[in-house]
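Letters A, B, C and D mark the chains in the order given here, with residues in each chain numbered from 1 onward.
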Amino acid sequence: MAATPEPAARLQWLFGAVALPRGWRMGAGPIIAAAVLGLIVLAAIFAPLISPHDPMTMDALQRLKGPSDTYLLGTDAYGRDLYSRVVTGARVSLFIGIGAAFVSVLIGLMIGLVSGFFRLADAVIMRIMDSLMAIPSILLAIALVALNGPSIWSVIIAITIPEIPRVVRLVRSVVLSVREEPYVEAAIALGSSMPKILWQHLMPNTLAPLIVQATYICASAILTEAILSFLGAGVSTEIPTWGNIMAEGRIYFQLKPSLIFWPGLMLSLCILSINLLGDTARDLLDPRLKKREG
Amino acid sequence: MLRIRETLNQFRGHTRGAVTGIMAAALLAGTGMATQALAQEKTITAVMHSGLRVLDPIITTAHISRNHGYMIYDVLVAVDENFEPQPQMADWTISDDNLTYTFTLRDGLKFHDGEPVTAADAVASLQRWGKRDSGGQLIFDVTESLEATDDKTIVWTLKEPFPALLDTVGKQSALPPFIMPERVASGSADEAVTDYTGSGPFIFVEEEYQPGVSVTYRKNEDYVPREGAPSWMAGGKEVKVDTVRWVTMPDAQTAINALLSGEIDYIEQVQIDLLPLLEASEDVVVETRDDLGYQTIGRMNFKHPPFDNQKIRQAAQMALSQEDVLATLIGNPQYYKVCGAIFGCGTPLADETGSETLTSGGDIEGAKKLLEEAGYDNTPVVLMQPTDVVSLTAQPVVAAQALRQAGFNVDMQAMDWQTLVTRRASQAKPSEGGWNLFFTNWMVPEINSPLISPMLNGRGDDAWFGWPEDQKIEDLRAEFIKADTPEKQKEVASRIQAHNMENVLYIPLGQYIMPQARSTKLTGMIASPVPVFWNVDKVE
Amino acid sequence: MKFKNRTFDDAETVLDIRNLTVKLAGNETAEPVLDRVSLKIRAGETACLVGESGSGKSVTSLSVMGLLPKGSLVATGGTIDMDGKDLLTLSPQAMREMRARRISMIFQEPMTALNPVMRVGDQIEEVLDTHARLPGAEKRRRVLDIMDQVHLPEVERIYRSYPHQLSGGQRQRIMIAMALILEPKLLIADEPTTALDVTTQQQILSLIGELQEKHGTAVLFITHDMGVVAEIADTVHVMRLGRIVEQAPVETLLRHPQKDYTKKLLEAVPSLTPRPYQTGEERETVLRVSGLQKIYSTGTIFVRREPTRAATDVAFAVERGRTLGIVGESGSGKSTVARCIMRLIDPTAGEVRVAGKEIATLSRRELRPLRKHIQIVFQDPFRSLNPRWTIGRSLIEGPLNLGEDKRKSLARAAELLALVGLPEDAIGRYPHQFSGGQRQRVAIARAIAMEPDVLVADEAVSALDVSVQAQVLELLDSLQKKLGIAILFITHDLRVAAQICDEVVVMQHGRIVEHDTAWNVLSNPQHAYTRSLIEAAPGRFWDFANFRELRSA
Amino acid sequence: MLGYIIRRILAVIPVMVIVAVFVFLLLRLTPGDPAAIIAGDMATPAQLERIRTSLGLNDPLHVQFITWVGLLLQGELGTSLISNTPVTSMIGQRIWPTFNIAVLTIVLSVLIAVPMGVLAAWRHRTWADYAVMAFSVLGFSIPVFVIGYIFIQVFSLELRWLPVQGYKAPSEGLWAFLSRAILPCLTLATIYVALIARMTRASMLEVLGEDYIRTARAKGVAEQIVLFRHALRNAAVPIMTIIGTGFALLIGGVVVTESVFNIPGIGRLTVDAVLARDYPVIQAMILLTSALYVFINLVIDLSYTFFDPRIRY
């Protein structure tokens, strides 16, 4: 290409011309959210370095101890260091969140593009998607995890399957609305092939809403993992996740609330941040809301 | 604050009274039981350790179904707290050659439908039980005939003596021979019964039964208790309340809060860690129901490497420490006991031979050495960990850590209990859906004799999960059956103990007790491994 | 041409705006949106506020109503005087009481301006509920009365109707009824006819005039259409970039514009005089449509509905280097025809021959190589370019599809940009960096890049300001001369058609009612419908560009 | 309208068929053995095998499927493998607590959330808006069971205003019902309120930017009438939609809430059934909730005609 677009223009490419309003001021909320999330991600990455103890090593003599110099936040029912577990838990929880978001967006995007553009496939695909939507996701997740064994991947798959129809619908609705746009019709008139139109004209339009959707999937996946753990269908307690730390600690809710409090706090902060960033992105990317806000 | 709370309590008391009034009125209108003074209706609400789902106590060994069995059924013979068989529904005589047992039903036995209990009912029930219970099978292996000679007399003739017959028929766990009407008991032993007519002290209220949630028992007004004080499952079962409701609470803390606030009367099992919540209350008593409690155990798969090698089994056993397991599982030393006896400490056959490493904190170094000698090739050990059963989550985790320290390559796989139960039945290779090691808990009365302990079966594929082929244990068991004096039995039992530790048929990991908690309003509850609701009164 | 020439020297001043300044909220340094606007309207007067988009016309009217969007625009200076009160300083409550009673407003889009989920009768009645306490029967009588006054048929039925059940003209009548029911002194009309067809526009304009006369209402009329100005204005205020550049009585302004901007604005208004038909050499026919038909069946297997005939028996031909205009009001089927020819939709029957090849029945795949012969320019310049693509990428999309070399195509794209009058560096920029007119030039360049035989311009200048419109029309004309392209020009605007077309086809209800040279159609219309279209064109006797009456008329 | 309803109901058929096949295969092709839970710890492999045969679990898959579908077509949901009780009567016992709690939750949520959302949109970019948004983001960020525990701790254990657990039917007295239902409902409502408030706000923001709102204001109509008569009704369709789709969320919450507050509802029934591999119950429950979901969304689609006269089916 003759001219390389400047960075701002690259962003423009992703979000479309309507997306980035001029003179937009970022409130404090999203900045704090980004900072918190950044810290959590860093903690997750460097978990082995900042954990004073192995998060899986038990010490029967140190069960349910309060905070001390050795155990920053105390210990759990197996005498494992709570602080190290919460920090390490960030890894798995984030992995599940990001993994579920990534997989469902990827699969949903493919199916949605096809469905949005090919009438015949659409009828069949949407029936199947409607059916998947109709199955209550938490029950499906419990069933899938209980039946396949509670590994991280079965949790991710269990969360992903109910999310896919939502992504498909989103992508499809974008495709359906954009395919009537004059520039797409112009591309047809210019003799562009269907796959090319699909991928080059339509697909980029789905990215912005998909990013927003991905943040919600990520947040809800982390929450769902916690709920699955609570119901006894989560990841093995040997691998700490915020969900199963809480699930293990829940019977001590009154005696030793810190077992729920700290992972719960981290989880809520994390999801709060992701949701806030998602909301900010949505407010930025949604031209309808923008119109009103000038 | 305190004052406010008091006021609030009073307020609450008032409203609750009002609500009870409304409810009572509704009940009156609904059932037409206007004559009975409802203020005197005594109901015990009890939170049991698990939800009742299988109503046939013969088809399953689930403890909750057995407990249910003791509520609505009665047994011919029952073992008392001294492990002595005592007459319950029937008295007996034994012929001099020890081959013929004659049982005579006592008077006044009636099923809930009003029909008298006959010898034919008992025979059908015993026969169905014999198809399910392993001890029962052993007896029927040597049975010549079992007949009802008249309405009250049952004659059981053996081909060879079976000294433990009464102990087996009178055992408390896991499958006691409950007596059902013949029409019910003559059905298949593989299909659960659907007619819940018993002759026991309580009547099952079918309309109010919610599987897994709650079950209601009404007092059997026609039940005639045996003379004498109750002792375990023997003695007089006198019912002093009108209704007993068992409810399940999936959340342990909810149950405790409910007991503290007086919404329920009784919790069958309290997690030791939560005891501090109850200790502060003056309205609640925490106590142990019996001193035997549970034995927690590990079982290996003899069919697949590495545990098909006796030395490696020994190495694994050597690495484990009962203290570590119990401390993690239970925490409070008051409620657990390091015990190397496979038949359980506090039982007649208890013997701790060969359990030194287990009871003294494990010997990681020794295990390492043994492992090296055995030429362990780093085959992964697939260790199954149930995530949804509180009393089984700690053992695998502790064991995995110890085994790893000893040099094992441990692959701990988490699953829910159902998956574990399914998977342990699989004889496939561990890499193909099989397994190497799992843990479970037994009530001590379920394993306190070589006759009933499922782990001591050495018949290969016909043995319990793990499938050891061990002729020696089979010989020892045969010897035990023949032993006709307690001394002889004890002697054989100690050899069985030694052999078990040597061949590592299973690893006893110690004993623990689950205390119960009850409202101080409940009085007269007897000590027994099985929670019973006869003899209990509720005083307001 | 007769202009209104009443004097209002004695009339009472209804609204007096002085030095009104409006700024972006929270941005004191930016250019004001309105810069010291002063404006006086007297009883019975129609003041027209004209200007191109972004000139501040609507902001002025919203300031008067006190309806500036909260948090984004604020009035920072000046006064708006009415009834001796400064509207800018009134409390919200007091301002609410002024509305509908003293000042009312009607808006451009009658569809969106009416609440879609309320019956229109209730919406009118709500004005009475808000400002007057009347018994139910009296209320209803007054509502029906005003509905009668705006010449709505079957008032009882319409009273109970929802907006979507009415036509555009009826909806605008409802809006007018709502605005005038309390006989306010001032009516603000913000482009009230822009969204309407030309015949409906004429009716609405005369209705406003009629009611104004009856009630002596002052009208502040906002429009971009000089024709409308010539028809209805007493006084004209020309706005540009937030300032009033010229104010004068209508005739003075149209005959003797003082300011360059005003002149430019007037000169850009296309003349209704058609360009003379160039008879001449026989030319090759590049597009031939015959028997074209498009039927939409809306029924389902459960509900039988009458199918909609969007186009019936449409036939025409376009020769190389010529322009054929298709003229008609909304719903006449003109866009359907364009889209069928482009094969964006599939015609139900008929033939479309492009460059000698029949394309109406080809499959999409077979069609693709033939696409180069016929290209299209759409109405909305903001949506016809992919916002994520650089101009260059958009321009070479077609050539690349034809398998051309990328480097060569880019070089050619640069040439094309020069051809349509855009700077060369535009090639690496994005659509949002350009104005509407510039984008339309890019869209034209993109179509031209395929070197088509036929260019379909579907309302290609309708969304543009009049000055920009003139430039784009000029560009099309010059391209046609240079490249010999045939143009199929679809428009609702007779003035534009007169400017650019050699031949005109007039469509109504999906059928061609008249087909002749532009000259003949405009100067000697044969069909009644064509005549009504021409008669409805506002200011049709005035030659705006030359500040005088139309000679030929 | 009637034609539309018939068409919609016909369209449900393929959906339910896919759900049924999907669920059936999902359950049968994954490990798990109901016979094992029935028999308990001491059963030998041979005994398990006999129980499996008697339950019909050893039949070929297609035979099991046909048997099940045959039952379904007769309106039978089968019998629980574990407790031997007809599934219909199990669901019959357990559905009312869930239903009552769910209805109360939805009513409560709408009553709280809609005014919140309207307020936030009206006072856009003020502290009121930020407060509502903060709440609705927070509502999404705390696991349901944690919310439940906090409520129990505060209202039942500290303040002692309400019982900690249990369920009483409304027929047993309104206060008996409400005192036990209020905490689970509030717990469940948290996330639902967040969802609805957020959607109300977004939808209202969009509507408040519409021309007819400007028209209403130009008429001098008071602000609350603008908000509630003009705006809210136009904003209703997306709000209704989210109430419908949020139903799935509610089911998820119900499962957890029933555990925390010990309510004998269908949520726990399903979880227990899954953990026990009680296939007929799981199948029935998923089929039932799916059908309910489809039905609720049909009702919601029909409700659009009430809010928006332009929508005609």
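Quick note on the criterion: a contact is a pair of C-beta atoms (placed from the backbone, for glycine too) under 8 Å apart; a residue touches a chain by one contact, two chains touch by 3 or more.
Everything numeric in this text was worked out from a predicted model, so none of it was measured.
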If you tally C-beta contacts across B-D and across C-D, the winner is B-D
Chain with Cα centroid nearest the overall Cα mean is chain D
When the C-alpha atoms of chain B and chain D are each averaged to a single point, how far apart are the two points in Å? 38
Distance from chain D to chain C - Cα centre to Cα centre, in angstrom: 50
Using the average of all C-alpha atoms in each chain as its centre, how far is it in Å between chain A and chain B? 45
At which residue positions does chain C touch at least two other chains? 71
For chain B, residues contacting two or more additional chains: 251, 388, 416, 418-419
Pull out every residue in chain A that's touching 2 or more other chains. 146-147, 149, 232-233, 250, 253-254, 292-293
Touching chain D in the complex, chain A uses residues 127-128, 130-140, 142-144, 146-149, 219-220, 223-224, 226-227, 230-233, 243, 246, 250, 253-254, 260, 264, 267-269, 271-272, 275-276, 279, 288-289, 291-293
Interfacial residue positions of chain B with respect to chain D in the complex: 5, 8-9, 12, 15, 18-19, 22-23, 26, 51, 53-56, 59-62, 65, 132, 134, 174-175, 188, 190-192, 194, 209-214, 247, 249-251, 254-255, 257-258, 261, 263, 388, 416-419, 421-423, 425, 433, 440, 442, 446, 454, 461-462, 464
In the complex of these two chains, what residues of chain D are touching chain B? 31-33, 36-48, 50-51, 53-54, 80, 82-85, 90, 93-94, 152, 156-157, 159-161, 163-166, 171-173, 175-176, 179, 259-262, 264, 268-269, 272, 275-277
Within the complex, chain A is touched by chain C residues 27, 69, 71-73, 342, 344, 364, 368-369, 371-372, 374-376, 378-380, 383-388, 390, 392-394, 397-398, 401-402, 410, 414, 425, 427-432, 443, 446-447, 450
Taking the complex as given, what residues does chain C use to touch chain D? 65, 67, 71, 92, 96-101, 104-105, 107, 109, 112-118, 126-127, 130-131, 162, 164, 175, 178, 300, 302-303
